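Letters A, B, C, D, E and F name the chains as they come in the text, with residue numbers starting at 1 for each one.
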Amino acid sequence: MSKLHTVNKSPFDKNSFDSCLTLAEDGSAVLLIEDGVYAAVAGGDVAARIADASSRLKVYVLGPDLAARGMAEDRIADGVSVVDYGGFVDLAEAHDAVHSWL
Amino acid sequence: MKFGVLVNEGPFTHQCSDSAYQFTKAALEKGHEIFRVFFYYDGVNNANKLAEPPSDDRNLTANWSALAEEHGVDLVVCVAAALRRGLNDDILAPGFRISGLGQLIEAGIQADRLVTFGD
Amino acid sequence: MSDLPPIPPDDEDEFGVVKKFCYVNRKAPYGTVYALESLEMVLIAAAFDQDVSVVFMDDGVYQIKSEQAPEAAGMKNFSKTYRALEGYDVEKLYVSKESMEERGLTTDDFLVDVEVLDHAALSALMAEQEVVITS
Amino acid sequence: MKFGVLVNEGPFTHQCSDSAYQFTKAALEKGHEIFRVFFYYDGVNNANKLAEPPSDDRNLTANWSALAEEHGVDLVVCVAAALRRGLNDDILAPGFRISGLGQLIEAGIQADRLVTFGD
Amino acid sequence: MSDLPPIPPDDEDEFGVVKKFCYVNRKAPYGTVYALESLEMVLIAAAFDQDVSVVFMDDGVYQIKSEQAPEAAGMKNFSKTYRALEGYDVEKLYVSKESMEERGLTTDDFLVDVEVLDHAALSALMAEQEVVITS
Amino acid sequence: MSKLHTVNKSPFDKNSFDSCLTLAEDGSAVLLIEDGVYAAVAGGDVAARIADASSRLKVYVLGPDLAARGMAEDRIADGVSVVDYGGFVDLAEAHDAVHSWL
């Protein structure tokens, strides 16, 4: 079973991002949405955690939610891919189940 | 593919309702089937037809109703969560229906994917 | 809960399909309503004869702390419903070892029997689930 | 002493409404004056008279109405927040009134302390 | 905002009392509605001619990020209202230095002019306030 | 101006407790309510932060909210005093303003 994990909370505000990266099984995908997109442009420790995870997980960020928050795509950490809502649907289809880290 | 969608928060308060709506719309545009959208917790507030958002803002309740009208999407509000929060048939927006939690479990069983949006 | 659903007969199998449903609880009780209403979802899934697992992690481990007494704060005590889960054949209750220990809790603090899993075991368990419901 | 109270979240969803109610009751019991309780954000949902909590649970809307009845507490719901969320005079519980945000600022000015409860 | 309150005349002093009102914003915009509705409170306080300060700290610093474009996510862009604050004589905007730096932001990222304060200065500023409104 | 600060979030879940302790001015009081009461019984790092702060702040916890969550008072960290709702009102009266860290 391969899963799509979504994270919708800022990594500075809540532990959802950390819990997701810790528990997501190898080979699964993580999609950052809503306030979760700040993780993709946070830099520092958060970027290092994404870099660590990217050997075993694929990390995506929802473009419309980044744009909403005024974050240009050139701020995105290495190893993070941008998708739109259609891409979100495609990811949900491509994995066996969706786990939302609320 | 058949998708089920679970919405846990009200419009205006959390983006979750927007995300669920955008996901549902994108799935329909890609030719997928939406088996059901189920509203639980404060998500039941999406179905309140009395909501009058500012004229320059989006109206999520109207947007959901339009999806039901145009695509026949089944919009189900949990009866127990709705009773507690003061949502009943008198103020239910078009296209929504009130039913039991079993409808969510059914969506989990029948849909190929259940996608949850919440706080 | 005020209205527990009927305990299902053993032969109920309404949709002819049994899926692995996993409820993941990561929020504390009482501060928000999620713990209470999530429990109502668990009971319904059991009534539909699905293969239900319940995971308590992060602040969700507080949901099953024993000796809850919310009456003085004007709230309803729903913690006894966790004890009723067994009657609905919901017996797969898991607790994150790291979450429990970080909060200074032990299994003696819980009002139900649970299986304690470390991160690796919990990750493997959740990877098998077909429907994951979070709140 | 005069207290003002601001409630930012709905009943059932957050304990904030309970805390605000318990604080208000304790202040009255100590002989303090409650200048006003103002409901903003999802706090406006405290005033929905259609809410029917389970019979073994507390009914916060009824509790607030009783405070207004017994102690004359001024319960004010923000009109802008209420409109968005579908709360209007037709479903307003007894003892509440709908008015503008200026009523909150007035409470901040006139009360000796403004105490906020929220998420 | 759809309906900005009227800009008050200079001599308005409706209650004859001016208090120090401080709005503390600690939440990101769009994920929740708090940023938008808090801004409506700030405008009203200004219309009542109070001494208003607005603090952005923790994820609240994201509220004044420039170039917000929420239209593609189906939401309304209310960020231009921060620019209107000056017209209401709300000119005391403060940002937590530590919160800004932790998020990799600089004052060039903000859509309004702000004063950046470190923890000690921010603590001293907030200690002087008579009414603190948070969300 | 002396303030009463309230914290209603778990220290494990959100940064409200840390932000409050960092920004509360010397001589002010901190009252833990709702899910904030877990800070009073958390032990470990959280208890150490309370101990550090207690030389310059007075820390209280709301008894009914502790009891709601099944936490016995013998778990409470040193330097934390228990109050009821009446005590909450007294604290709000005794300080010049109330700052709720939501």
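The definition used in the following text is that a contact is a pair of C-beta atoms (placed from the backbone, for glycine too) under 8 Å apart; a residue touches a chain by one contact, two chains touch by 3 or more.
Computed from a predicted structure; not experimentally measured.
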Neighbouring chains common to chain B and chain C, by label:
A, D
From the centre of chain B, which chain's CA centre is farthest?
F
Identity of the chain that, by mean CA position, is farthest from chain C:
E
Between chain A and chain B, centroid-to-centroid distance (C-alpha), Å:
24
Whole-Å separation of chain centres (CA-atom averages), chain C against chain D:
33
Taking each chain's centre as the mean of its CA atoms, how far is chain A from chain C in angstrom?
27
What are the residues of chain D that contact at least two other chains?
8, 12-13, 15, 19, 22, 41, 54, 114, 116, 118-119
Could you tell me which residues belong to chain E and also touch two or more other chains?
3, 30-33, 58, 73, 75, 131-132, 134-135
Counting only residues that touch at least two other chains, what does the list for chain F look like?
8, 12-13, 15, 34-35, 64-65, 97-98, 100, 102
Could you run through all the chain pairs that touch each other?
A-B, A-C, A-E, A-F, B-C, B-D, B-E, C-D, C-F, D-E, D-F, E-F
Quick check on the complex: what are the chain F residues that touch chain E?
1, 3, 15-16, 19, 22-25, 28, 96-102
Touching residues on chain D, where the partner in the complex is chain C:
12-15, 18-19, 21-22, 54-58, 119
Which residues, counting only chain C, touch chain D once they are in their complex?
1-3, 30-33, 73-76
Going by the contact rule set out above, which residues of chain E touch chain A in the complex?
27-32, 58-59, 62, 65-70, 72-73, 75, 79, 102-104, 109
Spell out the residues on chain B that touch chain D in their complex, using ranges where they run on.
10, 12-13, 41-42, 45, 48-54, 61, 83-88, 90-91
